[in-house]
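What follows is a set of notes on a single structure, which appears directly below.
Chains: A, B, C and D, in written order; residue numbering restarts at 1 for each.
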């Protein structure tokens, strides 16, 4: 049972993080253990040789895990990333990227998940990240 | 298409790594992108409070990724771990442990995968690791 | 013995990565095992509550390790990040950030280092990252 | 100001963790931000080719960070590892190993540090690990 729907997550993201609106992150689907996000790279996401920059992939992984967690605990919580580990696996093509997030643990203080990022409709990931968020105590 | 079957991997493990035979690692299933392993904890794997030690879980994750890679490239290669990142998620119970490995990338020089470890038949992992192996050049 | 000086690294960065010029990364010092970088956060690096965004810290760590490696191997090599692991330790203040990079290994194929990031002149890091770069074969 | 001395840490380790006494971990020095540990590999720590096994290095890194933390908070706390990231950098020689641990953050709930492991008196590390421990609430 999630406490935020796909639409609520999207509205929250647009409202609270206007500074990353240009990245065009879109929530495609979410449930109590997984999330699918999409984005489309633009010129500023690219590096010489036409590949997608590492920071763009890291931001995408981070926002994916963040929204997957908020879907479970709601928008009130000020969760922060404590650890991110990312492996860059294959050179991504410019264009559409898809992130698939899985919730591995949802504890009282810490939540951990992993995120696989794909180019377009590929089945082999271009990057894989594992992230831990600290959940602030609820009043 | 794997080049080593479940039985070949098991025989290789028993023959080449007699020093870890006491850990009782068993190959349950393997294919070209995943592997399932099993083990049973014994007294020396436990810590005060009855939980399974971190090094036991790390060894289990490491051997799981190692055999998943060897299934693809064969027993000749002297592959070595270059990076291991592990999150300890829940307190495992003594007894049976199951590891599910996924191959995320199989490149010429580097192979990366992740391994989720479960207590018995639980569906929530007790630990999750991501590992990279360096593959030595083939002659 | 480095093959690129502080000034050469700075010019290389400005010339090859104009898309991150707005981040204002500055090379303060470099030698054959360490590097010091500086940057000054601007509005787009900040998050609600006035803290510095994770992606800004990750970019800073990444460019620090990248230039530390290039100082050793020169600007010709197309090195790429294969793994980045970062721990966010303390809330950074907006303003000046300093990164201290150490080269832990410089192999033929892989180079690994770690980067500690500090607010202003603090001695306790706000973030700590470990990074591995793959070095492409030289012709 | 540490609350446990080198001798207290050593006695605690021997008393509470008899199952790893065979590894011969020794506390060489400790203060409020760092620790030095030593060990000597034996036959069971080695792998084909005479190198030290990954699990031995991971155990050494883990106990080093654990004791560095206990030196600050005392032996009562039941701290557990939540994340360990390790890079295997160079092939260690059998014989003496030295670990140098640094405390990067000591928060109320989480403590993070890194550990460099060296062969004998070498100055280039054979492995480097970053670890986070969860500190249980004090009553």
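Please note the rule applied: a residue touches a chain if its C-beta (ideal position, glycine included) is under 8 Å from a C-beta of that chain, and two chains touch if they have at least 3 such contacts.
What you are looking at is a predicted structure, and each value in this text was computed from that prediction instead of being measured.
In summary, the pair chain A and chain B forms a contact in which both copies contribute largely the same residue numbers, shared numbers making up over half of all those used. Chain centre most remote from that of chain B: C (centre = mean of CA atoms). Mean C-alpha positions place chain B and chain C at a centre distance of 33 Å. Centre-to-centre separation of chain A and chain B, using mean CA positions: 28 Å. Our note on geometry: chain A versus chain C, Cα centroid distance of 23 Å, whole angstroms.
Annotation for chain D: residues touching 2 or more other chains are 82-83, 85, 87, 132.
The part of chain B that touches chain C in the complex is made up of residues 82-83, 85, 109-110, 132, 134.
Looking at the complex, you find that chain B touches chain D at residues 16-17, 19, 43-44, 46-49, 54-55, 58-59, 62, 78, 80-88. For chain D in complex with chain C, the residues that touch the partner chain are 83, 85, 87, 89-90, 104-105, 107, 112, 114, 116, 124-125, 128, 130, 132.
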